[in-house]
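Each of the next two complexes has chain A plus one other chain: chain B in the first, chain C in the second.
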Partner chain A sequence: MATVLLDRVTKRFGRVRAVDGVTLEVRDGEFMVLLGPSGCGKTTALRCVAGLERMDAGRIVIGGEDVTDRQPGRRGIAMVFQSYAVFPHMTVRDNITFGLRIRKTPAEETRQRTLQAAELLQIGELLDRYPAQLSGGQRQRVAVARAIVMQPEVLLMDEPLSNLDALLRLQMRAELKRLHRETRATTVYVTHDQVEALSLGDRIAVMRSGAIVQCDTPSAIYNRPASTFVGGFIGSPPMNFFGGTVEEGGRSVRVAGTVLGLEERWAGAEGIRAGGEVLVGVRPEAFEVTTETRAGAFPAVVVVIEPLGGTTLLTVSVDGETAKVTVAPDTDHDPGQRVWLRPLPDRLRLMEPGSGRAVIPTQEGARR
Partner chain B sequence: MAAADEVPDLARAGRPRIEWLPYLLLAPSLVFLGVFFAYPLVQAFGLSFLRPEGGLTAEHFQRMLGDTYFRGAITNSLLLTAIVVPIQVAIGLVIALLVNSRFRGHLWFLYICAIPLAISDLAAGLIWLSVFTERGYLNTLLHMVGAVREPLTYLSAEQPVWLYGAIIAAEVWRATAIVMIILLAGLQLIPRDYFETADVFGAGGWRKLWHVTLPLLRPSLQTALIIRTILAFQLFATVITLSGRQVPVLAGEAYFWYGLYRNPHVASAYAVLIMGVSVVITWVYLRALRTREEEVAG
Partner chain C sequence: MARAARTALLATIATLIAAWVLFPILLISLAAFSSRAQLYSWPRAIFPTPPTMDTILFFLRAQGVWQATLNSLIVALFTIALAVAIGAPAGYALSRFRFPGREGFRLGILATKMFPATVLAIPLAVAYIRWGLYDNLLGVAIVHTALALPFAVVITTSVFIGVPMELEEAAMTLGCTRLQAFLRVALPIALPGLAAAAIFTFVLSWNEVFAAAILTLHNRTLPALLINAVAFAGAPLDYRFAGGFFMIVPAMIIIFIIRRYLMTLWGVTIR
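Right, the complex of A and B next:
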């Protein structure tokens, strides 16, 4: 196990900066998720850690040692590829032992570690099969077993679940989490799936255009997104943003003609001044929905009702803008119905309209 | 009666409708193969086994086997194939690997290596003749650097090593490119992830070649070997240009029996022999290098 440090890593492809001066420290035994839309540079960053890309600038430090100029095979890493890359001409056993054979591990140890890894991934019966005789999910397990049998200091995974069907993905997600708990290998995991990131990561580094825009625990990323981009990218449906005007020196904000009281911590925050424009960010589940007017609630019209089983999703129109609101499944709503939405004051976030950056409330600012 | 209408007509559904388009698209190739390959093949078989006045006979084969040139022809054909094909595959593989490593200028390298593809075997023979003949480039060069005073004779039966060497050089130069192209295409079909996996697990260049590249390249190696071996048995123009009949080969004998002795029956016997040997060798390759069903990349 080891820490991983990406130190001002830059990788260009022609004129495009795929990774642009990224610095990220992954703690010993941590499960770090690199999350972002396609083309944000997350896979390139991972490949820089693996040594599969030659960096234009920066260092990679693994376990305190600068490995920037080392070959991938000499970095103490193992990797699971998106395509699995399970060798078709080798049996499952030969695939799993591939790295051990290269390292000339003694036969008995190889045998034991192979059985152990196969056990852990529940592919013990498949050892003599060829990959073409396996399902996609089983091949995926072989790829993971091949990586963990190396007992790597650092395990790298590049979208390992994206080629599986939805149900299998759900299953494997839990398995990967269990596997990490059992092996405690420092893991860097790349995905574009925010649910995967939230469920797996000890921390998530959200990337956009080659840079990390926020790196924090899943709950912090979800509840306190650092920008409108993070708020919009994470969470399904994404965070709602309403245009508002600051009033009473930052003690309230006016949205859709309604005055919403703000918690005290916003008053002295940077970017909050009377008469200033702000974006008010509210998660779909962070509203109290009523059918009658009340203080701190703004009016909306129900447009679409989607029962999702566990919850019901309302698409509403607020002053001509669309917003998504989740409510309990047993509530009665009709299209065209007028409702009042009261954002829960402690779950409301403020963003600067121009930059999209989050306004940091005073206590949070002090806490950092 | 409405219910009866809803029952599908099983008889009609059971008879599949014939889709004519595929056959139509295949027709030109089939006609070509039929006229220029299947028909001559049947004819050659007929000529080699039939008496001119009718009736089956083995006398043409007996005549072929008893011919003074036969032993030399079959020995030379086998020997040249056994020497030339491995050299071609080895060099072709090295060039393909080099090109596939995408070093700076690799495309120019590829184009230059592929030039012999466009040159006919006769022309290739003439090019190498101009190198090895008494007043050829090799002697001129050796004379210029003062290595020899008198021009040496290479292409004579008294210098079998030189004679053989010249044929081998010409054949390797002429036909390595096709091996290289087939192997390069095969290499480019192997997903990059396999090589990167090998990198991550610490396999160096040789082990990567041995454990990953060559096994995954096996179908292309098989194709290249089969094509090259079959064509090596048909080796003719380069040998004739460089050696005349000093180095008899099977295809050359077929030509001489047809053109010189005006005996299409014995010529056909040679052709059938070449085909028989080709079929056997192809079968051996297919068996030895077969990719098992379960190993096919899925």
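Right, the complex of A and C next:
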């Protein structure tokens, strides 16, 4: 087990900066998720850690040792590829023992570790099959077994679940979580699926255009996104943003002609000036929805109603802008109905309209 | 309607081309099993009555045939070794690395096929005499390698493109060096394709007559022996037909076996 440090890592492909000065510290035994939209540089960052990509600048430090100039096989890492990269010309057993054989591990130890890994991944009956005779999910397990049998200090995974169907993905997600609890290997896990990220990660590093825009615990990322990008990328449906004007020196904000009271901590925050513009960010589930007007609630018109089983999703129109609101499934709403939305004051976030950066309220640190 | 017409037209053209190639082969094969008397009779019967092995046996017992066959095999094996040893690394590089001039290199390889070998004949013969390679089987193999190399490179490139880079990378994360990853993962997976390239090279060398004929005198390969017998020594008809048949059969069988690889080479897959 070891810490992993990406120190100002930059990797260019021609003119594209796939990874642009990324610094990220992964703690010993931590499950770190790299999350971001397609093409933001997650895979490239992971490959830099693995040593499969020659970096243009920066260092990789694993377990306190600078491994920047070391071969992939000498970094104490193991990797699970998105395509699994299971060797097609070898049986499952030979796939799993491949790394141990390269390392010249004694036969008896190889046998035991192979059985152990196979048991952990529940592929004991498949050991004599060839990859062509396996399903996608089984192949994925072989790829993971092949990695963990090496007992790596650091386990790297690149979207290992993306090729599985929804049900299997759910099941494998839980298994990966169990696996991490049992092996405690420091893990860097790449995904573009925010649900996966929220459910697996001890911490999540959100990437955009080759840079990390926020790195924090899942709940912090979800509840206190550092920018409109993070708020809009994470959560399904994503965070709503309403244009507003600061009033009373930061004690309230006017949205859709309605005055919303703000908690005290916003008043002194940087970027909050009376008369200034802000974006008010509210998660879909952080509204109180009523059919009558009341203080701190702004009017909206229901446009679409989507029952999702556990909740019902309303698409509403606020001053011509659409917003998404989740409500309890037993509530009665009709298209065209007029409703009032009251954002829960403690769940509301403010962002700077130009940069999209979150306004940091005073005493945020103390609340954590 | 128009589509049916197009299909019919296509089928007709394909049939004509196939007939153009197959008809002579058929005639040669039939003649190879006809008796000598039948071959020289007029009007000549198309079907051998009765079929006989005499003609083939006569050819096989003719002087120099076995030695020439052996020579052909030796040249072909040398050619395979050289073409694969040079072509496979080039194919691997083309499939794996982006480097300046990569496209130019690819085109250059094919462009060598546009150069007429006839133009080279005299200078080549002179150079070979000077270098002591004249009438030497290795010398013939070198020319055959030059002829086969473009195909070897093109085939091996497509073979290695079919082996995902991630497999080698996975091997490297498991402790292999670059070379080990190639030898233990990429090479075994590519082996059937490389075998196809080797066999294709064999056919090319086995059938090549021009260079073999000008560059040898006593150490004839089979095609060189035949062309000499036919063109200058006035070999009898039965010798010609049996020789032709003997040349065609291995090539036909081999091409039939590796046709799947040759097809994928041109982006067509048959199942």
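Just a few scattered comments:
Heads up, the rule we're going with is that the second predicted complex is superposed on the first by the 364 of 368 C-alpha atoms of A that agree within 3 Å, B and C clash if a C-alpha of one lies under 4 Å from a C-alpha of the other, contacts with A are read in each partner's own complex, and residues count from 1 in each chain.
In the analysis below, a residue touches a chain if its C-beta (ideal position, glycine included) is under 8 Å from a C-beta of that chain, and two chains touch if they have at least 3 such contacts.
As the structure is a computational prediction, the values presented were derived from the model and not from experiment.
Applying the stated clash criterion after superposition on chain A shows that chain B and chain C collide. In the superposed model, A:52 lies in contact with both chain B and chain C.
Look at A:219: by the touch rule set out above, it reaches neither chain B nor chain C. Of the two partner chains, neither chain B nor chain C is touched by A:38. In the superposition on the C-alpha atoms of chain A, the part of chain A touched by chain B in one complex and by chain C in the other spans residues 50-52, 71-74, 77-79, 81, 83, 85, 87-89, 98-99, 102-103, 146, 150.
Chain contact summary for the complex, chain C toward chain A: residues 164, 166-167, 169-177, 180, 184-185, 188-189. Listed in rising order, the residues of chain B touching chain A in the complex are 191, 193-194, 196-204, 207, 211-212, 215-216, 218, 291-298.
In the complex of the two chains, the chain A residues touching chain C come out as 50-52, 71-74, 77-79, 81, 83, 85, 87-89, 98-99, 102-103, 146, 150, 156. Of all residues in chain A, only 50-52, 71-74, 77-79, 81, 83, 85, 87-89, 98-99, 102-103, 129-133, 146, 150 touch chain B in the complex they form.
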